[in-house]
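So that you can tell them apart, the chains are marked A, B, C, D and E in the order they are listed, and the count of residues begins at 1 in each.
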Amino acid sequence: MSMLTAIIVLGVLALVFGLILGFAAVRFKVESDPIVDQIDAILPQTQCGQCGYPGCRPYAEAIANGDAINKCPPGGEATIKQLAELMGVEPQPLDAAHGTEDVKKVAVIREDECIGCTKCIQACPVDAILGAAKQMHTVIAHECTGCDLCVEPCPVDCIDMVPVPVRPENWQWNLEQIPVTVVESAK
Amino acid sequence: MNAYKELTLQGLWTNNPALVQLLGLCPLLAVTSTVTNALGLGLATLLVLVGSNVTVSLVRDWVPKEIRIPVFVMVIATFVTVMQLLMNAYVYGLYQSLGIFIPLIVTNCAIIGRAEAYASKNPWQKSAFDGLMMGLGFTLVLVLLGAIREIIGNGTLFDGADLLLGAWASELRIELVQFDYPLLLAILPPGAFIVMGFIIAGKNWFDQRQAERAKTPEKQVTRARVTAQ
Amino acid sequence: MTFKIAASPHAHQRRTTTQVMRWVYLAVIPGILVHSYFFGLGIFLQLLLALLTAWICEAAVMRVRGRSVASAWQDHTAIVTAVLLAISIPSLAPWWIIVIGTAFAILVVKHVYGGVGQNLFNPAMAGYVLLLVSFPVQMTSWPIPQQLAQLQLSLADTWQLISSGYSQAGYSLEQLRSGIDGVTMATPLDSLRTDLSHQLTTAEALQKPIFGSFAGVGWGYLNLAFLLGGLVLIYQRIISWHIPAGVLLGLTVPATLLWLFNPDQSISPWLHLMSGATMLGAFFIATDPVTAATSNKGRFIFGLIIGALVMVIRTWGGYPDAVAFAVLLANMAVPVIDKYSQPLAYGHGGRT
Amino acid sequence: MSAINISAIEAGQLWSFHGGIHPPERKQLSNQTPIQTLPLSKTFVVPVKQHSGNSGEILVAVGDDVRAGQPLTQPGLQRGLPVHAPTSGTVLAIDEQPIAHPSGLTDLTITLAADGQDAWYPTTPCPDYQQLSRAELLERIQAAGIAGLGGAGFPSAQKLALQRPLEYLIINGVECEPYITADDRLMREHAAEIISGTEILMQVSGCNKALIAIEENKPEAIAIFTQLLSERAATASRIALRQVPVKYPSGGEKQLIEILTGRQVPSRGLPIDVGLLMHNVGTAFAIHQAIVLGIPLIQRVVTVTGEQVDKPGNYWVRLGTPVADLLAYAGFHETTGKAAQRVIMGGPMMGFALANLQVPVVKITNCLLLPSTTELAPAQQEMNCIRCGACADVCPAQLLPQQLQWLAKAKDYDGLEQQNLFDCIECGACAYVCPSEIPLVHYYRKAKAEIRNIAREKAKAEIARERFEARQERLEREKQERLERHRQAAEARKAAQAEAVAAGADNPQDAVQAAIARAKARKAAQAAAAAKANDSAEGESS
Amino acid sequence: MIGKSMRHNGMVLALFAIVATLLIVATAQFTEEPIKRQQEQELLQVLNQLIPPELHDNDLYQSCSLVDHAELGPGSHRIYRASLNQQATALAVEVTAPNGYSGAIELLVAFTVAGEVSGVRTLRHQETPGLGDKIEIRKDDWITSFNGLTVQGADDNRWAVTRDGGMFDQFTGATITPRAVVQAVKRANLLFQQQQQQWFAAPNNCAGVSS
């Protein structure tokens, strides 16, 4: 008898909870998944394609679908750490196959060598190069993401990637790096 | 066959439920004062894990997404209760020394974790194998922990094995060291935490050393062109 | 001539960690002297063993971690750990007791967490608890005050006892612990607790010779000596008053209430204060900056928790003295205390 | 705003702030002698930017002759603060030179070769400034290039331009940092001008009450101000003197506000948020000079002190004078032995070490400190934090410096912001008391710089993202447009054909079909020929 | 939409619940007998250690009665009577020693009809491991030192630990635990001497009362 009770009670309970869950599943459905946007916000937006995807957004979508988080050299360790936190996985070292973390750089066109072919303009993912056919081109330095996609297409190799100069405003307080002037004794 | 090799590696080492996922720590730490207890709980967990994985895998197509967790819990709870009754009936001594920790297998996150993460997405053969390997991985850590604690804290190995394996097993008992004053801490719960910490540290150290030794595989990645050429 | 580039501030108050630590272990000297007066010379041998072990362990760890051994010895934190542990254990305990305890304190409790300043738990007390839990027999075998003992021990005797377990004349520690009446003696707190659980009233229990006239022979003066050392530390601003005050208040207030309520079955607040490791704990152990709370408010709360825990464990717990457990438990609460006692920073609504 | 405590403030009540330290003051070293005037150097290096904010636009070119007080830059589009020629001479160069900055980096400077005449550019004195409008006064203060001379170098006119109800103007003469006596000597010798400057400031800011705060360790200055204020009844009713107890950093803006008014400036807020405005005594003096005499800011008082100089004291130094010249005049003798010499610009608590003596004196240079290693021992080896909490006890911002230190080491920037890192005023009290000699402030500066950089990068990434997406959109649009054009062209062609066919011309479609048929026939012929050749070859081999 | 989802989920969950419960119920039925036997055997094993087989030919487990005495500790306590050829020979009684170091200690004490202790075993305790737990036969044979002894009246001073001038060793470092056990056994023995007749005559009434 007690066994029958147990079966009935548990069966009814399960039925009730199943009904509740079935109701909740439809009623409280969450629609879109903003995870891609969150990932995209962490990526450095250099649009360099080193991850193997055409731009940061496609890579963000790939991560959301389970791709590795360590394919972004411009973001480096900091980005991996943030992504790991967001995705709830262990941070991994940067996958060297995609490149290594480097200092921030900016593209500079040696203007007297530029032949005005506009190839770099087409290559720039953020429209940071100004110019027109047969006219000299120049890089808008503060819009340049340092992706170096413009370097390869240039037929005359007149684009250099130079490190972003350190100014007193963005200096990092590394006292060890200060060159100390040696003053000869005045006497 | 490669998939099975991968499962073995995952369960025993890279994704070991006790060392890496740190699941089921409560029973793990509480019952491992001797190898016998550890082995007992480990085997019980292993059986439940295999059983629940197979069952979950078999029913996965009929279980709607919304109620899969309650169903998994029910499957596991059933297995544990059956296990508990059987142990009570046929290995009474062990049942007494494992006591409360058998019902606690229900809440061992390793089991529902595998059900959710693996068995609910894979065919039953693979799920069974995954359960076996995860269970083995768990058991091995339990036994290792139990052995260390038993040796340090009691100077013996397989003390009380007869409770688990029958009278013949009392032969298994090994008196390794005769301590005048054994380090009691080792068989008390804090000792479990400390020894467990060292085991995990050891594993991480080993992995790190392996990783350092391993050459980074040369891999060619084609860079995507973001823009038209 | 070259110029030195340094970060501001360029001025420094000249009080280093080393000096702070030196003050701490200098301030326990009165306690050590009183200890040796009542419990014999064993304490000096224990100190020696503890210091040796601590130094060797520090050096070994530093070598393994590839750091400078000298820098680890320099800050004197290991000395403090060793000294505190050595004066906490029974002074005639076998040599391996203090060696295991100190090694555990230095290796596991301190260096596994990352060394000076990183440890979660007070190393000396964690070592003490390891010993107490693992070797309850040795750790509860306090020698009886010399004034009550039948036999007096020479330094050589003491050394023999600690190293082999028997005095030169062949007496075991257990025999030596017998008092004038031939009965082995426990510490005052232990004795009182036993008697209380034995349905004696407090007044009856206090009749035993171990209590003498002043909070237990030896123990009362020992506590006074630590109190003195502690006051020196406060005066020297090595420690702030918040933690000791918290501990003593947290202990006294509930103890007094209980005592007023049930004088026959409880330990008087006076005895609470003047026995066991109360003063040592309040002024030297709980005040370990690494494992205590940070802000003054937090420190006071931290102290209160320790005091209350000591009282609770002494009254209802399984161990007669409770400072070590109380300190470790409070250590665990530190992050929470810190979180909720964080002072309101300037400009965040304290004053407008 | 708390009007409740006005009466308490009026009654002269002083409050206190949390923490603080009492380092050895050592002010006697330099405050015994009157301010001397430094002889003119041969060359002057004038950095274009000497304040916090944007630099102005350069008005001169290489080779131009300039006179003392002549503006070298103008505010321009970026609303920068002008700098002026410190003396008459020729512009030698406009280029990047090392500047007085902790980084030792270079910045744009104008180098002048002095002609020794010290001829002045015409000035416009205005003794009856009361007639001037607020806007005119602000304009003149701006044109005189006045930036806060207390240390931060914030353009004074910008600070004054904020229009909010004000209860008090506070003139900061506390000068709490050890060694520095520039303000002390200035107050002793130019009290009247400072009071005059204070009155101008009150007029500009529309505030009718002022408090002059002087630390108790400057009795001479206090005496002079007491006397001057008592002599002028009209002034005394509006300007009150407050003696502030000696404690570092009571001269910090926020700390002084708490001492004088018991109020706290909200985090990331300004004094004006609590109805207060603060200026340094040096600024008050400079404003007096600029308005009443029409002299722009081209010189300031600099304390040169420390045991390594023979003639410690205060000097009137033209801005742009190389530090080396000043030190040579003050009798700097180098240390002997191996210990490296420190040349500190600013005080021992907040100053920074110079890497190069050719850097110029600028608007914010209040002190050059040349300590021997015995008086300010170089920092020892950093040890581990023992969480002793001494730093938290002295922190005037009531932060938890050790917590910040752990977080900074762990690069936990969110945690740092939660612990209010940006409320740190970098006063150095925590590092001063730290028994483990941890350069705490340095960790905070690094972390702050890093956080700012991250924010900058983030903003930049956001822009890059927008540009990328805009570009993608544009490309997509262009593609659509191209397709559309092709379609239209094809349609047009079709229509034209149809028209042509209708008109009786050959259908080009037929021509295509014919061409294809021809090609097919040719291919089939070739294939047949090849098969034949194959057959014959096989026959031969078998 | 909602209706379908609810119906489907409810049915599936209920089905699983019923199957699971059925499985458990079946196992419970199947194991009921063996479990009972196991528990019996466990107790019998202890009883047989205390009362040697040559002293009894009855079913000790069945010959059980419940008694209430303050001396044995709070609540009912079981007694198991042994008899040889219908002749009462020995008796085992559950005793609670309330004043152990960490709470009560449950003992099983057996006496011969002559009134002497034939054996003591610890059933349950929470004494300090390594210190108080020497009252377990598995750890130490101290507990056998009671064998063959008898209490000579309530003021028998020998029934105390040596520390209190008695004849039982306290094991090193711990006095409270052995003292509690000695006192409990003493009380039980005195009670047995006084209650012997009634206890042997009491009816078998343990059945159905779970321990």
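We adopt the following convention: a residue touches a chain if its C-beta (ideal position, glycine included) is under 8 Å from a C-beta of that chain, and two chains touch if they have at least 3 such contacts.
Please read these numbers as outputs of a predicted model, since none were measured by experiment.
Asker: Which chain is most remote from subunit B in terms of Cα centres?
Answerer: Between subunit B and every other chain, the largest centroid distance is to D.
Asker: So which chain is farthest from subunit A, going by the mean of the CA atoms in each chain?
Answerer: So the farthest one, by centre of C-alpha atoms, is E.
Asker: Going by the touch criterion at the top, tell me which pair is linked by more C-beta contacts: A-D or B-E.
Answerer: A-D
Asker: Please compute the C-alpha centroid of subunit C, do the same for subunit E, then give the distance between them in whole Å.
Answerer: 42
Asker: Between subunit D and subunit E, what is the separation of their C-alpha centroids in Å?
Answerer: 83
Asker: Express in whole angstrom the distance between the two chain centres, defined as the mean CA positions of subunit B and subunit C.
Answerer: About 40 Å, centre to centre.
Asker: Which residue numbers or ranges of subunit A touch two or more of the other chains?
Answerer: 14, 17-18, 21-22, 25, 47, 55, 125, 173, 175, 178, 180-181, 183, 185
Asker: Quick check: what residues of subunit C touch more than one other chain, meaning two or more?
Answerer: 1-7, 134, 136-138
Asker: Could you say which residues in subunit D touch two or more other chains, in rising order?
Answerer: In subunit D, 104, 334, 355-357, 442, 445 touch at least two other chains.
Asker: With touch defined as at the start, can you tell me which subunit E residues reach subunit B in the complex?
Answerer: It comes out as residues 5, 8-9, 12-13, 16-17, 20, 23-24, 27-28, 30-31, 34-35, 38-39, 41-42, 129-130.
Asker: Under the stated contact criterion, what part of subunit B meets subunit E in this complex?
Answerer: 59, 62-64, 66-67, 70-71, 74-75, 77-78, 81-82, 85-86, 88-90, 92, 96, 182, 184, 187-188
Asker: Quick one: in the complex, what on subunit C touches subunit B?
Answerer: Listed in rising order, the residues are 100, 108, 112, 130, 133-138.
Asker: So in the complex, which bits of subunit C are touching subunit D?
Answerer: Against subunit D, subunit C makes touches at 1-17, 19-20, 71, 74-75, 77, 115-118, 240, 289-292, 294-296, 299, 338, 342-352.
Asker: Which part of subunit B faces subunit C closely enough to touch in the complex?
Answerer: So the residues of subunit B touching subunit C come out as 181-186, 188, 190, 194, 197, 201.
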